[in-house]
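Two complexes come next, and they have one chain in common, subunit A, joined by subunit B in the first and subunit C in the second.
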Partner chain A sequence: WILAWMGLEINTMAIIPLMAQQHHPRATEATTKYFLTQATAAAMILFASTMNAWTMGDWNINQISHPLATTTVTLALALKIGLAPMHFWLPEVLQGLNLTTGLVLSTWQKLAPFALILQISQNTNPALLTTLGVMSALVGGWGGLNQTQLRKLLAYSSIAHLGWMIIILQFMPALTLLNLTIYITMTSTMFLSLKIMTSTKINSLALAWPKTPTLTTLIMLSLLSLGGLPPLTGFMPKWLILQELAKQDLPITATIMAMSALLSLFFYLR
Partner chain B sequence: MALTSARLLTRTVHEKWICAHSLTLRPLVCINKAAFYGEYRRPGQAQDRTPPWKKIRFSFAKGVQGIRKHFGLLKDEAMERWVGPQGRPLIEHMLEQTRVQWEFRGPESLEQWLVSTDREIGGRSEAYLKLGRNDSACMLYGTLCSTPPRDGETCYSGYCTLRSRQLLSSFDRKKNIDWSSFNTLYIRLRGDGRPWMINIAAETYFSHQKDDLYNYFLYTRGGPYWQDVKIPFSKFFLSSRGRIQDNQHPLWLDKVSTIGFTLGDKADGPFQLEIDFIAVCNDRAHTEEFAYEMYKRNPEV
Partner chain C sequence: MLKILIPTLMLIPTTWLTPKSWVWTTTTAQSLAIALLSLTWLKWTSETGWSTSGPYMATDPLSTPLLVLTCWLLPLMILASQNHISPEPINRQRSYITLLILLQTFLIMAFGATEIIMFYIMFEATLIPTLIIITRWGNQTERLNAGTYFLFYTLAGSLPLLVALLMTQKDMGTLSMLIIQHTKPTNLLSWGDKIWWVGCLLAFLVKMPLYGVHLWLPKAHVEAPIAGSMVLAAVLLKLGGYGMMRITIMLDPLTKELAYPFIILALWGIIMTGSICLRQTDLKSLIAYSSVSHMGLVAGGILIQTPWGFTGAIILMIAHGLVSSALFCLANTNYERTHSRTLLLTRGLQMILPLMATWWFIANLANLALPPLPNLMGELAIITSLFSWSPWTIVSTGLGTLITAGYSLYMFLMTQRGPTPLHTISLHPSHTREHLLMAMHLIPVLLLVLKPELMWGVCH
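Moving on, here comes the complex of A and B:
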């Protein structure tokens, strides 16, 4: 756990100068907020792992078994990646960054916490994971409505997708990994397309059709894929997750997740 | 004699040593609580040391009224989410190229504005705000007096300012204005030839940014004709506590708090400014992002 914590800290420290390079107060604000949240989460991880080592005598990542330690480390990793209800920092931080740094934050920075989440998946509290997943999907859908800033919109999209990943973690971690991979691919496409068009608002996308029809079509397809519309790739993980939830006798949870996906699809289609 | 001289010399050296060290033994940092915590102290007067619990004016009726008002606002915010951004359909947001943010068409429009002068620090300027003829514009008028107040601290005086109130949503949370679809400020006004300064305040995060404003000049023409002023937001420069900053950056328009007009041209006498409306527009021909160079301090040579 100590080495994992060190890795997470190095990961945070490395991205901080990249975030602050813009020399604008909003970028500095985003960097500060990011640093504070990540440092808090890292401290919680260290505390939980130390508590587990003290009580159970084990430092192995996948041997964390003390209930309080498991809950604390799950919440800390949820704070790291921006799961609801610890999601409030993500839209503001992404809004203060440029598109390239936002891309790194949305994709690369999720890998390390997810590696830990996958390793502790067998010992986590199922009710906590379900709660985090459902809340994230709902908050991601509700918060993304009426967003006119594209970076905030992608932040809420990220929160919703993370909810989908977390909810299936306890039943089939492989699906979480699949969903993460597809999410990273789709989000990278979106960010890179927006970077080429240098657009950060919905208005500029509306005017893009006559200028770059191909890229606009690509963005539209990426958004529909993020929304989980068949036959695009983004439909596959959602379908498999809903199927698995139904197999696990959780129809209500599956229904709520499907409804929240509709909310997300609504603002993607706009 | 020699012994007395030696004693004198020793005393002198000793006194000098005490004097020198007493200079260094003073606190190296004078902690000014006002600077850290932003407590305003009126120049020439002692700081207000009233404890917070003595400032409470409890009223049950006002409390109930406040709860009803704030929950009503919260319900409206939840309902308008289903309509679109800021309660308007998205198509309206996508297609709009102009937006009138403030217009003066009735007494309630004046309540959104604050007028202040150097009278608050002991000066003698006066300023008043009223509706113009036919309730179609607001008139800011008064008298400027640059005589500084005799409080032993203030050296300069003579200003007046008209500033919009901070917009508040439910439970007195700050609400910011999103002007990111626009790039130009459009004001219709009628002045008296005096130079004003337009100040735009954006949402800040750090405490050292609380006095940050983005300024630009407003030169009014006297005369019976209305003046249409269009100022691109790229022209606004950053200042803090009235001082222009070396590190300049453009104004980000997604979180604008307030707009204000300040007069401080050191010319004593009456002044008058009528404002019809304050709007923002999107000038497609204006592609400049920022008008000023962003100097790098201590550049490598």
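Moving on, here comes the complex of A and C:
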């Protein structure tokens, strides 16, 4: 765990200067917020792993078994990636960054914590994971409804997708990985296309038609895919996740997740 | 099945590679050829009822009429769109046709699907091209709102369907229609099972649409361009009916009691929407509400689950598809000339466009279910089976028939008879294309009088 913690800390340290590149006060503010949240999370991870080592005598990542320790470490990792109810930093931080750094934040930064999450998936509290997942999907949907700034919109979309990923973790971690991969692909597409069009608000997207019709079509398809409409690829993880949930006799959870996908779809559609 | 799917997909390169002046001609011709090919599906030879099967697709007497209707409509849609799209740049025209073709492909795959999950995916997939057609090529600013209504009503209904289907797959091990028709009825007693039943059916009821959840339909129809309206009225609504018919095989023991509220909504809806039609000023809205009314009859016929009910439902679906699409084309001819849908502005057309008046006459007669047209066959079968289910339904179905006759005649008289207002005298005469369009809609309706077995093969 010590090495994991060190890796996460170095990751945070490395990205701080990247984020602070723009000498805009909002960028600095975003950097500070990010640093604080990530440092808190890292400290919690250290604390939880130490607690586990003290009570169980084990530093191995897979073997974290003390219930308090697993809960703490799950919450800390959730804070790192931005799951509800620890999501409040994500929209503002993402808004303060330019699009490329935002891309890195949304995709690459999720990989490390997810690697840890996948490894501890057997021992975690199922109720906690389900709560985190459902809450994230709902918050991601509701929160994005009133947004006009594209980066905040993508932040809420990220929260919702992470919710989907977490909820299936307890049943089939392979699906979490699949969802993560597809999400990274789609979000990268979105960020890169937005960067090409240098637009940061919904209004500026509306003017995109005359400039690059091909790109606009691509953006539209990619947005619909993020929303999870068949027959686009974005539907596949949602479908498989719902199937697993149904197999595990959790139809209510499945329905709640599905309905919250509708919320996200609404703001994609605008 | 592939014989039809691959030429349809090949239409997409056709639209993009043909030179500008030949695009419309070639696409119409090719889609017409595909439609004629699809008529070969009408020969059912197998005993189990399913023929022309591939690994995931097959046709049976229930899906074949709808498939032929879909294939037949594509050339008609392309014909109808030719005029209002011509001012646009050629690439936009090509993308419009491509969207229609994509929609067609998804529809063929939906009607031909044997796995219910494939049907579900195609069902959802048809939403995307329709949404793009409505929002991008619609005529007024409300079209964005209409598109949103359309998408969200349908999706809100169909996501529970997805969960319900997945649960079914877990319990039964398969979702293939071929197998499900032979499984023994499941014991469904608890509240959870009742919610599962509603989940299965809700998506199709919203799509049909049932009276309580029908608000998306008038909006979508009024805002959509002509091809969008045609395909919506003719085929997409039938997707809902078809899905219901397939799904009720699984749902049996519960349906007797649980269907009551929906049957009541359907019957009440017939009367209510019919009455709304009598007071409409917007022509397209009138036809849209008439669609809801007819579909209410279809829903009632399906939900009581008798052979005659199903037969009536499928006949009415086909006949209504053709006639409704014809009426939308007629409304569009008016719209293209006056750019207004208000009934008051397009009165007295019989004096200036007499041949079109013939088509108006026939289409309206078909709408009000004149014998011996298939509309009447369908309505009569449904009304009879509803009567045998409960004698009280005759009140609403009879009233409904009366009101349907009322507004159909109203539509005819308002647009054709009466003094011709002076501002309409300078309207363009009817194009041959429009006459061809109307003929191709209404001649199948007349021909089906002679051989209705093509439509009701499923129960006889």
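Here is the rule we go by: the second predicted complex is superposed on the first by the 270 of 270 C-alpha atoms of A that agree within 3 Å, B and C clash if a C-alpha of one lies under 4 Å from a C-alpha of the other, contacts with A are read in each partner's own complex, and residues count from 1 in each chain.
Just so it is clear, contacts are C-beta pairs under 8 Å (C-beta built on N, C-alpha and C of every residue); 3 or more make two chains touch, one makes a residue touch a chain.
Predicted, not measured: the structure shown is a model, and the values here were computed from it.
In this overlay on subunit A, subunit B fits alongside subunit C without clashing.
Once the two complexes are overlaid on the shared chain, A:Q95 sits against subunit B while remaining clear of subunit C.
Of the two partner chains, subunit B is the only one touched by A:T32; subunit C is not.
In the superposition on chain A, contact of A:S188 is made with neither subunit B nor subunit C. Once the two complexes are laid over each other on the shared chain, residue contacts for A:N146 go to subunit B alone; subunit C is not touched. Contact with subunit B, but none with subunit C, is seen for A:H24 once the two complexes are overlaid on the shared chain. Once the two complexes are overlaid on the shared chain, A:W239 sits against subunit C while remaining clear of subunit B. Taking all C-alpha atoms of subunit B against all those of subunit C in the superposed arrangement, the shortest distance found is 9 Å.
The contact surfaces that subunit B and subunit C form on subunit A in the two complexes do not overlap at any residue. By the touch criterion given at the top, residues 23-26, 28-29, 32-33, 95, 142, 145-149, 201-203, 206, 270 of subunit A touch subunit B in their complex. Only residues 106, 120-122, 124-125, 127-128, 132, 148, 151-152, 155-156, 159-160, 162-164, 166-167, 169-170, 192, 196, 199 of subunit C touch subunit A when the two sit together in their complex.
On subunit A, the positions that touch subunit C within their shared complex are 220, 224, 229-232, 235, 239, 242-243, 246-247, 251, 254-255, 258-259, 261-262, 265-266, 269.
Considering their complex, residues 81-82, 84-86, 90, 93-94, 178, 180-181, 204-206, 209, 212, 247, 249, 252, 254, 294 of subunit B touch subunit A.
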